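See the structures that follow.
Shared between the two complexes below is chain A, which has chain B as its partner in the first and chain C in the second.
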Partner chain A sequence: MAELSFPLPDLGEGLIEATILEWLVAEGDQVERNQPLVEVETTKSAVELPSPQAGTVVKVHGDAGSMIAVGDPLIVFEVPDDTAGIVGTVPAEKPPARRVRLSAVLDDD
Partner chain B sequence: MGRHRDHLVEGSDPQLSVALHPPASDAGLRPVLLLHGFASSTKLNWVDTGWIRYLNEAGRTVLTVDLPGHGDSAAPEARDSYSPSRIRADLLQVLQDHHVVPLREGVPASGVDIIGYSLGSRLAWEFGATQPELIHRMVLGGPGSGDPLAAFDLAAAQELLAEGTPIQDPRTAELMRMARLVPTNDVFALLTMVEAVKDEPFTPAEAVPRMPLLLVAGENDDLAATAQELADLAPQAELLTLPARTHANAVTSRAFKSAAVAFLAA
Partner chain C sequence: MSETLSGPLSPAGNGAAAPAPLTLSMQGALNRALGEVLEDNPKALIFGEDVGRLGGVFRITDGLQARFGAERVFDTPLAESGILGMSVGLAMAGFHPIPEVQFDGFAYPAVNQIVSQIGRMNYRSRGALPMPIALRVPSFGGIRAPELHGESLESLFVHVPGLKVVSPADPHQAYHLLRLAGSMPDPVIFMEPKARYWQKGPVDPADAGALEGARIVRSGRHLTLIAWGAMVSRCLQVADLAAEDGIEVEVLDLRWLSPIDADGLAESVSRTRRAVVVHEAPRSSGLGAEIAALVTERCFNTLKAPVERVTGFDVPYPSGDLEDEYIPNIDRILFGIQRVLEHRRG
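So, the complex of A and B:
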């Protein structure tokens, strides 16, 4: 098994951070790709973030009410080794060097 | 979509963006019409917040409409296009176009359910009061007995746009902040809507919906502080309060969604 860490994705329109409203999954949960993970609020609106990945939730970052910056770690999944091989493993606690859009396009801009 | 209509309730096609979102597995219940709030859109209010997915997963067919001057709908110049009475006529047209039939006892697919948020709840309240034969149940999010748009300081908003003068009234300032944050919003169309709403302010006691209502408000939603007064006007209304939520962030709440789906399925 391998661990995959995902950061808070780019929410568009120059938004740099979001507040965690409520986690919809917990550590130990098995989640499907596109399953809603967490509700977050920006200065613009509140949104539900879908999962970029199927797997078991190993860690979620940030309790309800805490602020998280775009690019900072949001959630860590445990996935079978061959799955990790396909998409590449990301070091668990280090933010990725390059920001990538993880989800289906949340915003056109 | 703006399709040509042969039998318009009002004389002209309002060119509203209407979309049908069918579920993968249909529960066989009536469609759910979603009405978004001021300066929002189907996308911001219902798609990005996970509502359409949640309703579809519950087997519900969803019908969405962008209000005039919002989302992908046209933004006409004429003030009349934005009046609540004109919008109610256009909503009736949308339901007719989608073959919504009057409620019939024992026919779960007849009629329509409605979920509104903020201004959408005000429109739903009036629409429900005037269309009891069509509407089964309604969920009204972020509702109040007052009318935040009627109290909107239009002159201050225009000065802000023209001169950059800060707005003193906090609610006007917040509504303008929201209106301008979304680059696709047509601020002038939104101000025309405010003018139209001022002509027809919300007077909920005048026409009261008599079908079962679920009112849902964030505990810290100051625009919905009068939700209980609104509930007291209706013969069959219950109020759900969402702890710690505000007018802006109650809309994604899982407790709100699950309560709405359960209430509409009854």
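So, the complex of A and C:
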């Protein structure tokens, strides 16, 4: 297992910080990719941040109401070693299936 | 030509002090090898897109920047010609670059540096400027990635004089071949079968086994299946299925795609008298054609049938589920075997 830290991303338009409104996941939760993690409020709007990946939440940084700067740690995931890379998926290991049968008269000349 | 154990490696015979074999994914084996190459050689450097802070999109360089510092493991701009061009300069200055091109299809912008400089600098300088560069390229298909993330470029690289090209089939091979590639005086294109990154297997750090040439992964007397990279494990599955029908298939992992172990190929096929070569790359001028020529030149009088090729198709590599039809699957390989078994000389 490996731990991955996800910082508060740049929310655009020159915003440098955000206030945590509500955590939508808790430490110990198993989350899926794109699952909403947290609602944060900037000077522009309130937004939900989707999870960048699947994993188990190890730690969330900051309680509701606290301010967090862009680039500071937001959440830490624990991910299994066999998670896919950022592109693509882990191929499923299936038992080999066949439709073709071999038939041959092997003359060992 | 050498045999390497395909089953669990026994610690017996290594001496009491030898560490026990590990069970690692290919990711883990490559990561461990890179760490040891950096430890052994203070001139070794790792760089590429996202290899530093992120640890690589496949986590092959995970933790190495924290261990060795950002001067030895660092991120580059998204410019493959620059990554390889910088490798040329660093190699000339006495470093041992181990660059990564993030995906096979991203190597195209670097082909000029690879062909015009890296492959021929040693020759051009009469040996004064060797190019000790190990270029890692996550390669081949099988992970449902988008366009230009599933290419099989071996024919391109093998055709360039001055390059060595190698592709590991399992974690043990990956660990030892990368340690070797990272310490060789010649440029090596190291093609990692990304579809096999997550599959775990035994790795014995203390006992590499022979690393030169091809290796026989499974013995059989009726036919030789020739493959490399991710196709080796598929061919082993096919060999199991063929055995149910009474056909004993030998599986040869070519391993080094340049230089090709022609003697090893001939040794196997001269015994089995039949050969099928399997690769993911398009068929025309694929490496299978070269192998068929080599085998025919050396085994013409003993061959019972023309060398059969089971390959990808002469179209751009498809994305999504279509890749299951493009990459040689078990039935297509079995059909290839059947065609060879059925062949009768006129």
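What we mean here is this: the second predicted complex is superposed on the first by the 83 of 109 C-alpha atoms of A that agree within 3 Å, B and C clash if a C-alpha of one lies under 4 Å from a C-alpha of the other, contacts with A are read in each partner's own complex, and residues count from 1 in each chain.
One rule holds in what follows: a residue touches a chain if its C-beta (ideal position, glycine included) is under 8 Å from a C-beta of that chain, and two chains touch if they have at least 3 such contacts.
These numbers come from a predicted model, not from an experiment.
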Touched partner set for A:25, first chain B, second chain C, both or neither: neither
Chain B versus chain C as contact partner of A:58, first or second or both or neither: neither
Which of chain B and chain C A:13 touches, first, second, both or neither: first
In the superposition, chain B vs chain C on chain A residues touched: C
Partner chain(s) touched by A:41 [first = chain B, second = chain C, both, neither]: first
Chain B/chain C common contact set on chain A: 106
Footprint of chain A on chain B - complex, ascending: 40, 44, 48-50, 53, 181-183, 248-249, 251-254
Chain A contact footprint on chain C (complex, rising order): 25, 27-28, 56-59, 62, 103, 142-146, 149, 194-195, 197-199, 222, 237-238, 240-242, 245-247, 330-331, 334-335, 337-338, 341-342
Residues of chain A that touch chain C when the two form their complex: 2, 81-82, 84-91, 93, 96-104, 106
Sites on chain A touched by chain B in the complex: 13, 21-22, 24, 36, 39, 41, 43-48, 106-107, 109
